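One structure is given below, encoded as structure tokens.
Residue numbering begins at 1 within each chain, and the chains themselves are lettered A, B, C and D in the order written.
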Amino acid sequence: MTLAIGVDIGGTKIAAGLVSEAGEILDSVAEPTPSDATKIPAVVADLVDRLTGEEKAAGIGIGAAGFVGEDRSTVRFAPNIDWREEPLGQQVAALVDLTVVVENDANAAAWGEFRFGAGEDTDDLLLITVGTGIGGGIVHRGRLFRGGFGVAAEIGHMRIVPDGILCGCGQRGCYEQYGSGSALVRDARERVTNRDPGSEAIAALADGDLSRITGPGVTQLAQDGDPMSIDLLGDLGRWIGEGAAVLATILDPSVIAIGGGVAAARDLLLPHVIEAFETHLPARAHRPQAALRIAALGNEAGIIGAADLARTEPTTSRGVA
Amino acid sequence: MTLAIGVDIGGTKIAAGLVSEAGEILDSVAEPTPSDATKIPAVVADLVDRLTGEEKAAGIGIGAAGFVGEDRSTVRFAPNIDWREEPLGQQVAALVDLTVVVENDANAAAWGEFRFGAGEDTDDLLLITVGTGIGGGIVHRGRLFRGGFGVAAEIGHMRIVPDGILCGCGQRGCYEQYGSGSALVRDARERVTNRDPGSEAIAALADGDLSRITGPGVTQLAQDGDPMSIDLLGDLGRWIGEGAAVLATILDPSVIAIGGGVAAARDLLLPHVIEAFETHLPARAHRPQAALRIAALGNEAGIIGAADLARTEPTTSRGVA
Amino acid sequence: MTLAIGVDIGGTKIAAGLVSEAGEILDSVAEPTPSDATKIPAVVADLVDRLTGEEKAAGIGIGAAGFVGEDRSTVRFAPNIDWREEPLGQQVAALVDLTVVVENDANAAAWGEFRFGAGEDTDDLLLITVGTGIGGGIVHRGRLFRGGFGVAAEIGHMRIVPDGILCGCGQRGCYEQYGSGSALVRDARERVTNRDPGSEAIAALADGDLSRITGPGVTQLAQDGDPMSIDLLGDLGRWIGEGAAVLATILDPSVIAIGGGVAAARDLLLPHVIEAFETHLPARAHRPQAALRIAALGNEAGIIGAADLARTEPTTSRGVA
Amino acid sequence: MTLAIGVDIGGTKIAAGLVSEAGEILDSVAEPTPSDATKIPAVVADLVDRLTGEEKAAGIGIGAAGFVGEDRSTVRFAPNIDWREEPLGQQVAALVDLTVVVENDANAAAWGEFRFGAGEDTDDLLLITVGTGIGGGIVHRGRLFRGGFGVAAEIGHMRIVPDGILCGCGQRGCYEQYGSGSALVRDARERVTNRDPGSEAIAALADGDLSRITGPGVTQLAQDGDPMSIDLLGDLGRWIGEGAAVLATILDPSVIAIGGGVAAARDLLLPHVIEAFETHLPARAHRPQAALRIAALGNEAGIIGAADLARTEPTTSRGVA
């Protein structure tokens, strides 16, 4: 059996797993992300060492939030880590005797869902990962869609409201300002600040400190039956669904999977996503319609997908040995 | 030399051409589109006969406005022709001794531009065809992007304004309601109706009959220096560019070509497209940027591309012989 | 007791009533609106003759859809009747021995509601009349708010969506394109055309002919419990409420009354209006809030208000005698 | 000659002036606004003492940013000063032997412009004051329009973009997020951050520190011919004009004056305001049109107007003597 290693480099944590050909994580380790970005390759190499031991892995796949170049080694830009044109794949490959492939984290997760999760039965998958932001990954005809410069599927920054809410990216009206967990939290806080009728339960959650209002907190309230929290998740689902309809107009996927932390709300969210999607899909009476699903692999999609990419895709950065 | 035939079936005219391997149209013929859609295959077969004569063509590619199924033979739905789940490829193949492949017309044009036109130097092309509506075609890694059900790249119906202008597709705020030739004409007429200051030249064009205001007419006025017509083309360019920025966020093409009738305005349009594109592209300081160009093949892109698809893509519908 | 006559000139019907000082309609008559607009004064004069008989009225108030000049006699422009700078008040006064005052129909209705209806307990009323379009009337400190040129309170054409749905007025995104009975009907038809899930009951109403879908029909379905019809009225109510919040930001009325045909939906509509209003009112925690109510006088508000204006406001056009 | 005192209480400065019946400021004094809001009445009383000396003033008018109650003494809420239901008029009146009237600062400025400035020739004025935010004041038929609760004309918080930019008021898409000096500065900074082509001159202004980009700085660049700065002022003017068209649809003023700091840009701004206003005014071919002007009194409008209100309007809070 050929094993591969998947690594997920996030703003706060670097997680790695030893992944089987069947997409199972056999072992996993993690370390905090060092604040000095130049130390990241060494941390990754150390995690790889701890995972491999006697075993020999076929390669390393790294998923990282940011723009990854066509060489699949260089991180052009990352929003949360101080990387600019950073040859990450080469740096890691220089420390380990393995081939390394770097991919955008949402692309890696999409690949994982395509191979072993919500997209296992299709060749044309769109993954929408909804966490504090929105990420995306596209699989078309069984291949990852990377675009001409490696930065395709930055769907969180698709403009859905002209002159809309300002985004950290410098633009206005980006999808993730409406359809993400951060949007949910912001809206919940607004309701409390405005003392909107019905916001009492959320206000109680805050208890005078708005920072106590979190996505999981609102989701829990909704699960406990609080009408405004249910409404807020409904609003969130509608925005996600409206954006999904735009994406389907362009990409025509067979399956759209909703992943990320927000996916935990499941039945409080998905029906609203589907309703908004169906209502806003152009010419829907005349076309087959994508299946909308909650993603299957949870937080592990990125590690599983990155590992699999290292195994199935042509290598990019070769190790020292 | 292998020749192939490209056919472009429009709402008013069916045009066909004999196309060389180099993408040159060696001969061309056309007939009006019969109002009875069941007669279309016979008209196509007749045009093919007239083109082939002694020559033997390698195959027929047909571009048609509408949703074309994954089988690349069936037209699921066409906005201007009475087709619903019409097995067009099989119908034509039954009349001629050649393989037939059917493709969405904008997809065919994109393929033509990719092979012989504005995308000749890239593997990742987005074609935006701007006529009375907006169509689109995507080439990724040298292959046509069809989506899971064959209806990808329906970019004219991408929503760019929530609760925006009603579209014939039943939705609101579709790209083609803002960035097409029809939008240009509608806006020009509004200015005249509202007696906006500066609309005198356009009003003179109408001379009491708004239907005399056309896209080419406004473009001519702009070329003659009429400030409001220049402004209207600028507005049009901005909308096209803003939509292109959304598309680039999702698709990350290396080249974006602007085709269709509106492309004739060239320098009155393209700088505004580019400026709006650059202004609205997220994180543009951190990414390579697509080249924006006027398409190279004009109205012939569809015929050239369709013919080439018949030659280079696996056949779908086989002829009778 | 001083009686006065109120006249309501609509696109299809001219209705007139003999109105008491207490705002009661003692007698009423009506005639179809002549297609030749020049015959309207004669029809009005005839209706007045039939109403007055032995009684002597104090004056005539006429409400007409359109822009009424500061002289309160001239109709500058009417959307449904062929009037341009028409001296309507003088024309009627020339035929009857009574003073005549002309007012915009929604202004007249607002005055009626202020004097005898939903605004009886306030000095600061905003009336929003929601029928096929949206009209408005403002009473401030007990006086009708006419603006500098007599055309204030054209709230149906307040832009609430930039680049939004086209309006007959030549602009886009007007309030009445979202919050009127016509919008309700348009949306219901769209749902049927798009074959949206849940639209079966409305489709049954149409029975193949979309023109059978009407506002009262959808309201009846909603009252019978059809979920999509209930939703559509909810959407309508939300738009009305969002627009009302904009208006309250500018006008700060004490009472906002919702009149017009749509008001018949009452409890299916008003709670949504109120919720949207409260959610969208800026700084609502720090200000007294307008009371939102269904208007009290129904279709008679215009006649009652116009008659009262003739009695209580300085006269403009004096009769022949 | 009856003199009156006008006071303008801002977030950083309290300015007061002795104002003649002709609207001339004969003498003026100022002090920093104390951080402890309870000390404001004493500071005002001291300024009044310094101004009056031997002279006897007819009364004191105070303009303050915030919601002023119908009693014209109580400040219900102020965005920048810690006032909640503060009886400011009574507090000041308790310290001076004069009648005191409190008014919203933009209302006071509108009154000043109406009496002695840009609205001297009309009875129906709308003042739009464009500074860091947007304020407004309405004069109708020669009287100040206060609304039912005293908080009319909060036009800066009129929603002009649904789901638009978040505002400090808790809502989205408020006018002042698009048409104010803050919006100008924010947009200029975005251009630099995004490294937009043409933003070099503004970037030089920043010289690495975005906070150095200010409204006056951009205006100066525009006056020196920098194309992007000229464009940014054009954008600002368009937003102001579009909002003005909404306001005119509701209020139908004869004159609209643009005041506040941004008015200093004059010819770089006003033509764009007018063009956008005319383009967006509904049915403009059929109605008289408001004159758009730069306000005449500059920063002194509030003091002049407040003083005049103290003289011409019924008093509210009477002094101790």
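Points worth noting:
As a working rule, a contact is a pair of C-beta atoms (placed from the backbone, for glycine too) under 8 Å apart; a residue touches a chain by one contact, two chains touch by 3 or more.
Being a predicted model, the structure only gives us computed values, none of them experimental.
Interface equivalence for A-C, evaluated over A-B, A-D or B-D, points to B-D, where over half of the contact pairs coincide by residue number. Of all chains, C has its CA centroid at the greatest distance from the CA centroid of subunit A. With centres defined as mean CA coordinates, subunit D is found 34 Å away from subunit C. For this pair, subunit B with subunit D, the centres built from the Cα atoms lie 51 Å apart. Spacing of subunit B relative to subunit C, judged by their CA centroids, is 46 angstrom. Within subunit A, contacts with two or more other chains are made by residues 161-163, 170, 193-194.
Across the interface of their complex, subunit A is touched by residues 67, 76-77, 84, 122-124, 136, 140-141, 143, 145-155, 157-162, 167, 169-171, 174, 242, 245-247, 249-255, 280, 282-283, 286-288, 290 of subunit B. Remark: subunit A residues 161-166, 170, 172-173, 178, 186, 190, 193-194 touch subunit D in the complex.
Remark: subunit A residues 162-163, 193-197, 275, 278-279, 284-285 touch subunit C in the complex.
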